[in-house]
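The structures come next, written out as structure tokens.
Here come two complexes built around chain A, the first alongside chain B, the second alongside chain C.
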Partner chain A sequence: MMEPGLYHILFISTALFFIGMYGFFTRRNLITMLMSIELILNSVNLNFIAFNKYVWAGKMDGLFFTLFIIAIAAAEAAVGIAIIINLYRSHQSIDVASAEELKY
Partner chain B sequence: MNEFFLLMKSELMVTAIIFLLLFIKVGKGMQNERLLPLIQLLLLLNVIFGFFFNQEGNAFGDMFHSTPMIVFEKNILNVGVYLISMLFSDWFKKTAHLAEYFLLMLSALLGMFFMLSSANMLMFYLALELASIPVAAMANFNLTQKQSSEAAMKMILSAAFSSGILLFGISLIYGVTGTINFEELSNYTTLSPLYTMAFIFLFSAFAFKLSVVPFHFWTADVYEGAPIATTSFLSVISKAAVAFILITVLYKVFQPLQNIWYVLVLLLAFITIVIGNLFAMRQQNMKRFLAYSSIAQVGFILVGISGSNTTGISSVVYFLLVYVFSNLAAFGVVSVISEQVNKESISDYKGLYQTNPLLTWVLALSLFSLAGVPPTAGFFGKFFLLTAGGAKASYAFMIVVVLNMVISLYYYLKVVRAMFIDQNETPIAAIQISAPVKLALIICSAGILLIGLFGWIFDFIQSLN
Partner chain C sequence: MMNGSTIIFYLLATLTLTCGLLSVLTQHIFRAAIYVLFALIGIAGLYFWLQYEFIAAVQIVVYVGGIIVLIIFSIFLTQQTGEKLAAPKLDRKIWAALATFCGFALTIVQIYQHSFSSFSQDTVDPTVANIGHQMLDVNQTGYALPFEIVSMLLLAALVGCIVIALRNKTEQ
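Showing the complex of A and B:
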């Protein structure tokens, strides 16, 4: 059996990134959109870890960056969900289509 | 040790104010009438303190970095925040959570300070998040209004998405070069397609934050829905901070990629100016109008950045200094009127001169400055930007840019005409302006007029390079 190498992981992370992007653009539910953003952030985490392990084993910047991304993603999700809850209170829905008062 | 404190004095000062507010909030609490003057006083002290004890150097293993230029940029942001605290006094007094609002605003300001001083991608990313997440919460501050929560939703989603793109770019940069330090990155001269792609990811995230045209869709909605104090913070302070750091990133970190980013910046500048102008023409709501006009202004900033010389840096800093005063004055007048009579449409402003001469003059002055009409400082700002950009760009491009300045004059003057010339049976009634608002409006007008007259200001900025 073949050992997974850098390219396999990079393929997965890039795929995850674009799946997240696709989800962000097509889904109409706000929670799902937040989940898509988490997918994007996790693909970045994978990238950092893979580069750190296979290419720059001596330079730990990638590993530290991952830790910070996880923490910030949690903060972002917290504020995001608070905003979505407030939106639900005023609109009675978390569908993007319901929030369409501001248009040009 | 002493040096360390002086190096981080702006950050420490803002942190001290944040903690003081926090203690007041969790302690006995204070009435808005008493708390607001205290906050204004603290912010004034913050502004004054910014001009003393400047220190140059690095800290935290070269993650933090400060120069006289960076300190000056921080001072511009400080002045802007102080003016915001004065201009929107009426709204602040009515809001139920005044201390929290300033906690969020000052946290975002702290994030911007760290962002300006960052010399490392990790530091930069953390600071950028600190500067953008609280602003989304600030956009939601009219809790019961549908529009406000919609604006906040759009803001947080686009901020999170753009930081995802930014991070993907940074991860590729790390993969190619093995470092996230600005200094080491600027020495990395071997160009590869992957590195270029990483740069393009990074640059699109910047374009999101600056609301450059293909990435501008969130801007007008957020500006219209958010409380007007938040809108002005977003369009003046956030934008200025991102523009400042964009200069550092492009000029220093991606110096080797100069040929690539020059084309990108020029192209985006062109689209941004044209689309921003075209959309600004058809707006009826004052806040949306100012949103699109600020998009067009970003296009001019990009023209200045494309010059890629020391004039480029100083012209952008000078322009943003002027922009802080002129845009805040415009938002201040719009806020006073919408707060008192709840009218935001341009057609409501007809005949404003008969009833409110002071407001009319301030708004007209700020719009002239935004349009770049000679006696005001905005003219010199635009002039220096075009001089910087013209050093490299072709004449054809500069002619298009100047023509767009003329087009922008059309829609700015449309508002001025509505206020001065158009007849209206029932103009907005005479409005009582409270003392702090009046003072802030006068400071803004004085800034607009005087910065243009004193030539040494530009020389001073140039000497900081």
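Showing the complex of A and C:
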């Protein structure tokens, strides 16, 4: 156990990224896949903040990237869930297999 | 010699990684949403630990208060209560675990072989005043244009959600 620094945070964000990746590979339910995407986006945000603090402390660019990623993730989740609920209305299922025809 | 800050860091890291791992492994979709919630709270705690209080507040408001509530609502609307998710096939589990573990090992080895050095001596405090000034600055280092573009994107997402939600009603 040492004093936590940049490498510890990079370890956490890498682990979280690949945990989200595993969920994305194994899940077949659209909502849980969306949750895995949120985990992946959060690990990226953590990376940006850690690099901003430990490597570029004189600027705030990483912080702004994080803010914009959070805004875009919110928009993406809202549209994604609207699509998922619409899919459930027409197919009575939110499995990816039921979404294979992307008509109308 | 562990001081308080180090202990808090390891607690937050354990919370984040454990809840993240449980959320992709559990077969109950509602529990998965709650585990994701705690993983996101753990990340917000890490932002507090790094002393980026504004980002931590945004993380809690947008993710914990917004996206997770949205996900829980959509679970209520689409899932039968008490129904378990189908377990993934064993070979898919094995291949996914193998692929992600190899990717993880590769990335971690690359990170630990590289030595990061700080590029700047002076530090800017990420206070709300500093963030606001640079966000709405129209000069070279300002972020006024991305700010406007993101606001247009949010408007478009709002309109898009309304259009998607309305369409079935008019057809019926």
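What we mean here is this: the second predicted complex is superposed on the first by the 97 of 104 C-alpha atoms of A that agree within 3 Å, B and C clash if a C-alpha of one lies under 4 Å from a C-alpha of the other, contacts with A are read in each partner's own complex, and residues count from 1 in each chain.
Definition applied: a residue touches a chain if its C-beta (ideal position, glycine included) is under 8 Å from a C-beta of that chain, and two chains touch if they have at least 3 such contacts.
Source: prediction; values computed, not measured.
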- Of the partners chain B and chain C, which touch A:55 in the superposed model: first, second, both, neither? both
- Message: Per the contact definition in the header, classify A:90: touching chain B only (first), chain C only (second), both, or neither.
- Response: both
- Answer with first, second, both or neither: which of chain B and chain C does A:79 touch in the superposed model? both
- Query: After superposition on the shared chain, which partner residues are touched by A:23: those of chain B (first), chain C (second), both, or neither?
  - Reply: second
- By residue count, is chain A touched more by chain B or by chain C? C
- Message: Going by the contact rule set out at the top, does A:69 touch chain B (first), chain C (second), both, or neither?
- Response: first
- Message: A:15 in the overlay: touching chain B, chain C, both, or neither? Say first, second, both or neither.
- Response: second
- In the superposed view, which residues of chain A touch chain B and also chain C? 17, 20, 34, 51, 55-56, 59, 64, 68, 72, 75-76, 79, 82-84, 86, 89-90
- Flag every residue of chain A that touches chain B in the complex, lowest number first. 17, 20, 24, 30, 33-34, 37, 40-41, 43-44, 47-48, 51, 55-56, 59, 61-62, 64-65, 68-69, 72, 75-76, 79-80, 82-84, 86-87, 89-91, 99-104
- Item | chain A-touching residues of chain B, taken from the complex the two chains share | 121-122, 125-126, 129, 133, 136-137, 140, 143-147, 149-154, 156-157, 159-161, 163-165, 167-168, 170-172, 174-175, 178-180, 220-221, 224-225, 279, 282-283, 288
- Message: Which residues of chain C touch chain A once you look at their complex with the stated criterion?
- Response: 2, 5-6, 9-10, 13, 16-17, 20-21, 23-24, 29, 32-33, 36, 39-40, 43, 46-47, 50-52, 54-55, 58-59, 62-63, 66-67, 70-71, 74-75, 77-78, 85-86, 88, 92-93, 95-97, 99-101, 103-104, 107-108, 111-112, 116-124, 126, 130-131, 134-135, 141, 143, 146, 150, 153-154, 156-158, 160-161, 164-165, 167-168
- Given the complex, residues on chain A that touch chain C span 1, 3-4, 6-12, 14-23, 25-29, 31-32, 34-36, 38-39, 42, 45-46, 49-51, 53-60, 63-64, 66-68, 70-79, 81-86, 88-90, 94
